[in-house]
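You will see two complexes here that share subunit A, one where it goes with subunit B and one where it goes with subunit C.
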Partner chain A sequence: MTRFERLTLTLLWAVAGLAFVAMYGPALLVVTLSFFRIDRQRVDWSSFSFDAYAGLAGNHDIVAALTNTLIVGFSAVTCALLIAVGLAFYMHVESRRGQRFVEFMIFLPFILPAIITGVSLLIAFREAGIERGLLTVIVGHIVIIIAIIYRMVMTRLESLERSQLEASLDLGATKMQTFRYVVVPQLASAMVTSALLAFTLSFDETLVTFFLVGGEMTLPIRLWAMVRVGFTPEINALVAVVLLMTTCLATVGALSLKRLVRIPVHG
Partner chain B sequence: MSTVPDPQQNQARARVIEMVGVGKRYGNVEVLKPVDLSIEDGEFLTILGPSGSGKTTIIRMIGGFTRPTSGRILLDGRDIVDQPIFDRPFNTVFQDYALFPHMSVAKNIAYGLMVRGRPKAEISRKVAEALAVVDLSDKAARYPADLSGGQRQRVALARAIICEPRVVLLDEPLAALDAELRRSMRDFLKDLQRRIRTTFIFITHDQDEAISISDRIVVMDHGRVEQVGTPEEIYYHPKSVFVAKFFGESNLLAGGVTALAGTDAVIESALGTLTKPGHAGLNAGTAVTLAARPESFRLVAGDGPRAGECDVSGTVEAITFLGATSQLVVGIAGAPGETIKVRAATKEISGKLAVGDSLTVAWTPADISVLAG
Partner chain C sequence: MTEALVAVAVYGVPAVLILAPMVTFLLYSFWSVQDGRLSRELTLVNYATFLSNPSYRSVFLGTLQLTATVAAIGLVLGYVIAYLIWRVRSSLRYFLLLFSVIPLSMSYIVKIYAMRSILGYNGFLNSALLAAGLISEPSKLFLFNQTSVMITMAVIYLPYAILPIFLSLERIPLSLIAASADLGARPGQTFRRVVLPMSLPGSIVGALFVMVIALGDFLTPQMVGGNQGFTFGRAIWSQFGMAFNWPFGTALAVVLLLASLAIMAVAGAISSRARVR
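And now, the complex of A and B:
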């Protein structure tokens, strides 16, 4: 290796290192600070403890916000999964007319700036006379996450040979039996993966939620409210918890996505 | 009261499927011109044709995957065009086998019985029998991805026959296999069909496969049935230039009808004058093509042509060694540029004939087919 090549390689490593520091440094800093007391904007490095986490568990507002977030996430993902899988199967089986238009309509809220989606939904709910609350947040999250579930399920369906569906019908199965015994087992990994990723999206969704949430706050909204008052170790601890949960979900999602790609689909 | 059996009625009873004027259009494109075709109970029928000939369309319409735009498909005399796929007593072996990758071999085979809600004991017994029939008893717990192409093929066959269908539809099932496996699977298929005594409708574009496996062959081209007949009928008596060309090697010679004598046609060609009986449809002056297989010609030794034979003189232009037989290209004397291919036993010509030698070739008029155009 020449001197020039060594220098280039060192520079590349340095750039990559800086990029990683920029991406993960702040998050690590927050997690680190969550274990120490902060007094007048100064960190007391001798005060390592889990007090902030204990305080978090004892904070009823935060626990309630976390519960709300989980309710919203599970409800939105379940509903979006049912709608997206049903719609994808309906669209795929006989290549329906207008499929591209329907897909465009599904993807639009995902692509649009969240502020537009949030304000639109807020106006729609107000005109319909529906009070803001967890239900409106759930609907808002369904609108956003349905696109990702639909796309992932559709990708899997498209890789499933049409002859398998025909073979099932040919062997005497009804369309429902074909869906149950042939389609669903082969869609399972796509459904799990997309549900996990959708749940991650729902878990930290803030902007659309901000327009639709009523008195019952979700975790990101509670966090935002707390930040406005000032930075405390509880905030750091909360960020650390959210970071940990999101990372776990994303990791499980990524691993099942890897499995999804590996499964052989051809007979 | 006893009745005298009606032979025609008996013949009708032997028909499983009857296609009456069945055609298919996609917009302005007619992919299948109206077809009339009867499929007999227990026969091995092959639909043969090049890509785009409409052979797959026929099988898909019988199976219920494609709806005809005209005509009726009768099963035991009853129209089944509106009958859904899952309600038809046919099962299909797909070109890509279409095995379910998430199910074991046993579960794949059991699928048809399982969705029909048959008792578990019956399913287990029949799956074991089907596995034995296709010689895969030791592979019951394996998954399709673990099997070879030939084994997958046999799983697909077992899955198709386990529900005891009236007809098994085979959509180019050997296309994905290598040459050696194709040959062994071809024999296996024929043997299986004889053992289970079920009607097989087999799609292929391979003439050798069609000849060796079929009771009857339907030759198709450009969405039209060109000819239906036994392999021998189609091979030796093609009814169109397409069939003569597509089905094995043929000599095709231009000719013309010079006179008619009753139903006999007198035809002039490079082979000389030929009288063919039973060609009432031809008129004097009609251009025809004469078709004959290379093995329909005989090299004449010193004894000359036999009774009933015609002969023509020529010159050997090329000899191709093919193993037990050799093929000669013979330039016909008095017809510049006209040649015929003649197949003869290699030992008959080896060391006796060479390029440039003169010879006489004989044939029987019955072995020459007269084709329109």
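And now, the complex of A and C:
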């Protein structure tokens, strides 16, 4: 490597380092501030305490919003998992009419700007006479996360030996039995991983939720309502807690994804 | 019998949850509000309003420009980061990759809130510049304008660009790089003649993906944009909030949909051309 190339690389690492500072810095700053009192726009660095965190647990609005978010997440992931796994197996076991189109439909909400999914569901619910609430939010989240579960489950299905399915069917098992006893056990890891990632998405979903939530509150919506007013240590503490939760979720998801990828493909 | 039921469920669920809302959505954009009530007669009035009103047109074009800039920043910074990670051949590699996608999982509201607290009048950036003696009083340059929206979006959406760029680098067979080195190319030459041409199409596709996501964002501009940072996403959102003209808002959303599909078509053309070569 010449000196010029070494210099270029060093420069690139410096640029990357700055980008990482920009990506992590803001969040870290907010977390730091959550431990201190802010007095007339000035941070009182001598006031280190966990007071703001203690205040959180007693805040009923926040606890209620968190509960709603968990309800939405669990319901949406469970439903999406059932739909996506059923759909993937149905499309995989023999070639089906319109598979391309159905897949296109599923992926559409995932790749289009969220605002379009939000508006279209809002209008559909309005025309169908369905009141906005947690139920409509759950439907919105199902629509968004179904794609990621379907894709991961399908990838795993395609890596399975076709002969396993054929053997099972030849031995007289019905498609349901083949699904239950041959396919599902081998899909377990893909299902767990995609469910984790889907839950992470649902936990943080904001743009579609905004259109569908009506008078209810999920955690991101509550957070938005709070931060619009201004900066308080309590908001910073809530932000810190939310960051900790989402980062843990995503890290667990990513690690299980790594395990999933490492599993040697049979055959 | 069960087979038929399963088929109904399999085709029915996507049809009811995705196709039907989409069709209603398109139809709705041809309806109108008259005397405060919804009229279901088909009309082009919403689209005519959009096309004839210069302020909507300029917001639309301004948002395209803004998101294109965000995508370009994502492409350049994302490429630098992805390339550096790609070069690492030790176990540090997976850690760095994880480190660069973790911001994806950080709460979106938290990120824009944090950016506002940094860019604001009393924010960290101003304090730092003041402390460094570069400015004598806090600058209002960094908040509530198009620049602050652009900076915030660039930071938030950067991780979305890193992953696809890394994957397109991963697809280059290492044997090609070894061959280039064997034939006497220096690392810089190998990069310019082999690595960059082979990874650029996939990287541009990743950046266009970022542009599509940024296009529909309506909360970031609201949080850091103030009155000047008005974007097309906000224009749509306002029709469903204060202005309460849903059919017009829907027509604007259809325009956004068309723009997104056009961008995706470009991305598709780039990746299929790259595959042929």
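Methods note: the second predicted complex is superposed on the first by the 256 of 267 C-alpha atoms of A that agree within 3 Å, B and C clash if a C-alpha of one lies under 4 Å from a C-alpha of the other, contacts with A are read in each partner's own complex, and residues count from 1 in each chain.
In this text, a residue touches a chain if its C-beta (ideal position, glycine included) is under 8 Å from a C-beta of that chain, and two chains touch if they have at least 3 such contacts.
The structure displayed is predicted, hence computed values, not measured ones.
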item	value
Clash or fit (per the criteria above) of subunit B with subunit C on subunit A	fit
Partner chain in contact with A:E161 - subunit B first, subunit C second, else both or neither	first
Partner chain in contact with A:A16 - subunit B first, subunit C second, else both or neither	second
Larger contact residue set on subunit A - subunit B or subunit C	C
Centroid geometry (CA): angle subunit B/subunit A/subunit C, rounded to a multiple of 10 degrees	100
First, second, both or neither for A:Y181, with subunit B first and subunit C second	first
First, second, both or neither for A:D170, with subunit B first and subunit C second	first
Which superposed partner A:G58 touches (first subunit B, second subunit C, both, neither)	neither
Partner chain in contact with A:T251 - subunit B first, subunit C second, else both or neither	second
Touched partner set for A:G214, first subunit B, second subunit C, both or neither	neither
Subunit B versus subunit C - smallest C-alpha distance in the overlay, whole Å	15
Contacts on subunit A seen with subunit B and repeated with subunit C across the two complexes	none
For the subunit B and subunit A complex, residues of the former touching the latter	63-65, 84-86, 90-92, 94-102, 111-112, 114-116, 144-145, 152, 156, 159, 163
Residues on subunit C engaged by subunit A in the complex (per definition of touch)	2-3, 6-7, 9-11, 13-15, 17-22, 24-25, 28, 77, 80-81, 83-84, 94, 98-111, 113-118, 122, 124, 155, 158-159, 186-188, 209, 212-213, 215-219, 223, 233, 236-237, 240, 246, 249-250, 253, 256-257, 260, 264
Residue ranges of subunit A in contact with subunit C within the complex	1-2, 4-5, 8-9, 12-13, 15-16, 19-20, 22-27, 29-30, 33, 41, 83, 86-87, 90-91, 98, 102, 105-106, 108-109, 111-116, 119-124, 126-127, 139, 142-143, 175-176, 200, 204, 206-207, 210-211, 220, 223-224, 227-228, 231, 235, 239, 242-243, 246-247, 249-251, 254, 258
Subunit A - residues contacting subunit B, complex	161, 163-164, 166-174, 177, 181-182, 185-186, 263-267
